[in-house]
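Which chain is which? They are A, B, C, D, E, F, G, H, I and J, in the order written, and residues in each are numbered from 1.
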């Protein structure tokens, strides 16, 4: 069984039950970020066994699918790059436009290293604004220095 | 004259004068974000004429180069995609892993639309952490709703 | 269930019932553009619940398919780029030939920004012409200025 | 001599003389669309000899460059596809999202054929709007029917 | 139902009945080129309703398939480009080797325009030759001049 | 010295002297097809020494360039595929649309083989037509049968 | 029915019956090269009807599959290029390393032409060697001269 | 200094002196294959110091170039893949058509391994044939077995 | 039957039985590296018949699947390159960053040759470290010298 | 000034002075790995100022080049991927063949995380072997666990 099949089944159940990702995440585990849990349900992160059990119950998944949710997936959510979907493309565009700037400024502030995408967390929220509400994303990733040896 | 030639000349001057992007940005215009100004110096944004004049003086640029800095560039800073440089790649990887999650959650919170990459601003700072300092990036982009007609 | 399966089922129903997109769109919602509704039926826009209900009834769709039509799709209608189909390729060719010209003239008229493809609408009509009728397309997209910060 | 070299020289002259594309086009030939003439100056269309002579005088071009402006160029203005520049990308995105819709509706209205990108003309203008001005583009292309034989 | 499925069914029927494309085309419509009809059966052109009816009868197709043959297909017959099949690759190679020559000579003879691939017809025949028979292809396409505006 | 440099020098000379490819070809060798000679001058075929000598004299080329014209070039005239130039793209489109049809009909008429692109010749001419003149291209290539062994 | 399905069925039968390609080829036709016949069974060549009949009997194929083996396939055996499989990649690497050398030496010995890959045959055998046996491949392809016209 | 510059200088000298690769190779070292030496001169193999000294003298190369010829190059002779040049493409086509066949037969004869492209040698010669001379290539590569561990 | 289907079935069985790769490998053959056996179960190496029999028994595979495990697979485990999965990407990144360094140092130490990826073995283990445990990979590949001939 | 120009100048100096990378690295800093220093000289790592000063003196570099060696480069050493050079390709092939195996085994031993390519070090040495010496590479990279949040 492929992870994509589980993702499709989850989306089908969510659609028919009229649930939101936030509501699902809250039921699966209110102590973890709903972003992390949504990513897991979309096949990009793994769930802990207890979380998967709740997900299976809530969404009507079988044993195989429940166990698959606990496996570490082959990550990569985009069917092609650059992504054709405009909502996702805008993030890609930020990398295209700001990529070299981020590199220069991380190096200037921290040294020869990277912002980890593994020891990483994020939040996403609505920022009310009279000129039109804004999407606010806060990311923090551990700075990792290139080891000299 | 190509914008890349200006960028190269700026980097040469910065290197020989031992300047930092933050210091350059502060001299060019302390009221604008140093991220925006660094991006402009790297060929991804434009400078205002007064800013370009200061940049030219500080970095020893000619008239043509000063004027080019005020032109809107053909944006796109990456020599190839996916970016081979690890510091930049990690941002690309976030889009790969979280792309569909961001899409789902933006739609759930806001509706059928996108986070603008044009009406957009950001900050980047050091987040002290006993387990290793972190890079903190805060982005806000205006939510734009798909027009129905 | 995948959106492509709904699109295929819609096309099958349209074919067997001998309907046109314009006629279908009119029945689904005469107050919205038939372009928007056709795009939704082809998997590129979403329908409002009332519209989807009418679409389902008209085209013999099930509950799952009706609900899927109300979901925001993963946009991108072309199986590959450049598009191999000549009718679509000609639009792509316009971007290839006029891309830099549009950029220059939008910047000259408006400043550093873009024509939105989100806050966007269009019409398409037949322009009678003795030398051969013409396809007339009118697009308007909101001008969005790059935010300085 | 390559056409790109002429384009670069034209842009250099325009920059140093502080001219706009509209002003240049008006001087070169007020009876032709400034879009067409801008496209020619950017290496995508040819100029007529009298137009090229005026362009050469206005922009300080040599004989070789003047003659090159009268040659039919190898068209294609984008350094890579998809275009990395956001202003141009939005047009590409419209083809991605609306490509199949345009195809269906052109066929429904006209039959088995295409909108010509050769027997084609366009205008671009500012559409004042209290919620933010809009870019308005009107294109007409001759409908060409697939020949049956 | 996808057009590829119809093509596959047609090829299966042709194979089991031991028919040739020429014979099939003659039965479907002796007044149209067998090239055009073969292309339609391979999913690149549409058939007229009367032709499709004959095709359906001859090849044992159902109603859905018959109607699909009358739809304008999403053109593009090659699974990948460059084509891996040697018989097709040779045509691609001609474009690679002669592309710029054709462009120069069409412009020299006709002006700034193209040979239409839409208002286009062709024949293919055997040219007896003592040193080995030759494939002779004659193509004519309408010259289309770039419109000036 | 690269062949592209010779091609560029030839185009420069042709432009400044106001010559046509046909006139140049006639002077170089009136007994060979002007298509073949034009292709050689564009870097896709070789010239015979006597032809190259005439080309050098006519176009003001040096000894190195004259000799380079007699070398068999690394063929391939397109800067990228699919070709962005519309005049050349239309030929590419014919391969895209008719590729599988040509394959089927060559096999049906001749057997398991190809139309050679090496033992190949062609003509291109204007076909007067009241509805608009047409470009007529006649190609013949030797049929080559797959050897069984 | 697709040729790939026949290939898969053949491989399944070969596996379960414990046959070798050489043994299969010998039974199908001992007078033709087992390379040619193996290539046909893998979907890259066609079989003669008598050969296909024997193949069908030996491998338990149905009528449709037998007939498909007599059809000229859409050639191209590699799922992607460069080939990921190391055994095949080494051949690709030879083309990468020796490609220009082969071109130069064929032209030097024969003139302006190619080694045919159509009028072509080959053998593959084991060359005993005390330092480790070697794979010996002998290819001959007809020299084809570019036609001048 | 780049190896390509040496290759270009070698080709220029060869052209002006009217030499052949075979003659050059014989003078550089009559005991090594002229294929190997030609490949080295084209930037794909290295020469031994004594060979490079002779090459430098014969072709008028400087000290830097002579030394570069003794360096192991970054191999890969094709400007793009698939190769656009027909003479080279035919070899690529053989890999495309016969790739899986070679794999199967090498495995059947030798086991789980490859034909080395490193411990490899080849000859190329003219095979007289009344129906047209043939290019004969003989390759032998050491069979390398996948190590089990 | 495709090898991917066997891999999927193996993963399904492993998941439902709660086994680890190490445990499976030990049962299949404790004398071979669990890396090699895991690679075989993932479709990149072959198993010996006795190993496959044990695998089949342990994982509930049928006869066809057991035999397929003994076949030499078409190698290449990545669905696309660069790999989107971060765990695998880091290895790819090492090749990107260190590729030319490895080449230079292998040549400097050994001469003109390669490290074999066929006569190759490896181990992977946990290296305890107070600052965080490390993954330790040891690879050895036979040095293969380019043959001169 | 571009980093590639520094790399080229370093290689030129190394060639003319007859130095090895090991000898250069030892002189620049005997306490750091010669792999790291070689990578820096090839444009993939940075040097410390004292190291760069020694490199400049040893290799005859100017001030600008010395300073550039201390800058963090835009990493990525391969002109194209997959790498065409066989010595480098073999490493790429290991990722292709073992990629999924490494992923599975790292996850099994460590959990949901990666082997860092940043907090990473390696050695490369000659492993004497009577059947042919071997290249031995030892890599260790810090295990980084995906953060849950």
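To be clear about the criterion, contacts are C-beta pairs under 8 Å (C-beta built on N, C-alpha and C of every residue); 3 or more make two chains touch, one makes a residue touch a chain.
Labels paired with UniProt names: A, B, C, D, E, F, G, H, I, J = Cyanate hydratase.
The structure presented is a predicted model; accordingly, all values stated were derived computationally and were not measured.
Peer 1: What is the set of chains touching both chain G (Cyanate hydratase) and chain J (Cyanate hydratase)?
Peer 2: H, I
Peer 1: For G-J, find its twin among A-C, B-I or A-I: the pair where over half of the contact pairs carry the same residue numbers.
Peer 2: B-I
Peer 1: Can you work out the whole-Å distance between the CA centroids of chain C (Cyanate hydratase) and chain J (Cyanate hydratase)?
Peer 2: 49
Peer 1: Take the average of all CA coordinates in chain C (Cyanate hydratase), do the same for chain F (Cyanate hydratase), and state the distance between these two points in whole angstrom.
Peer 2: For chain C (Cyanate hydratase) versus chain F (Cyanate hydratase), the centre distance works out to 41 Å.
Peer 1: Between chain A (Cyanate hydratase) and chain F (Cyanate hydratase), what is the separation of their C-alpha centroids in Å?
Peer 2: 53
Peer 1: Considering chain J (Cyanate hydratase) alone, which of its residues make contact with at least two other chains?
Peer 2: Residues 74-76, 78, 82-87, 93, 96-97, 100, 103, 107, 113-114, 116-120, 122, 144.
Peer 1: Taking the touch rule as given, give the residues of chain F (Cyanate hydratase) at its contact with chain G (Cyanate hydratase) in the complex, in rising order.
Peer 2: Per the stated touch rule, the residues are 32-33, 36, 45-46, 72, 74, 100, 103, 107, 112-114, 116, 118-122, 144-149.
Peer 1: With touch defined as at the start, can you tell me which chain I (Cyanate hydratase) residues reach chain J (Cyanate hydratase) in the complex?
Peer 2: Touching chain J (Cyanate hydratase) from chain I (Cyanate hydratase) are residues 20-22, 34-35, 38-39, 42, 44, 75-78, 81-83, 85-88, 90-110, 113-117, 119-120, 122, 124, 126-127, 129, 131-144.
Peer 1: Please give the residue numbers of chain H (Cyanate hydratase) that touch chain F (Cyanate hydratase) in the complex, ascending.
Peer 2: The contact residues of chain H (Cyanate hydratase) facing chain F (Cyanate hydratase) are 8, 12, 15-16, 79-80, 83-87.
Peer 1: How about chain H (Cyanate hydratase): which of its residues touch chain E (Cyanate hydratase) in the complex?
Peer 2: Answer in residue numbers: 82, 84, 86, 89, 93, 96-97.
Peer 1: What part of chain I (Cyanate hydratase) is in contact with chain G (Cyanate hydratase) in the complex they form?
Peer 2: 1-2, 63-64, 67-68, 71, 74-76, 78, 117-118
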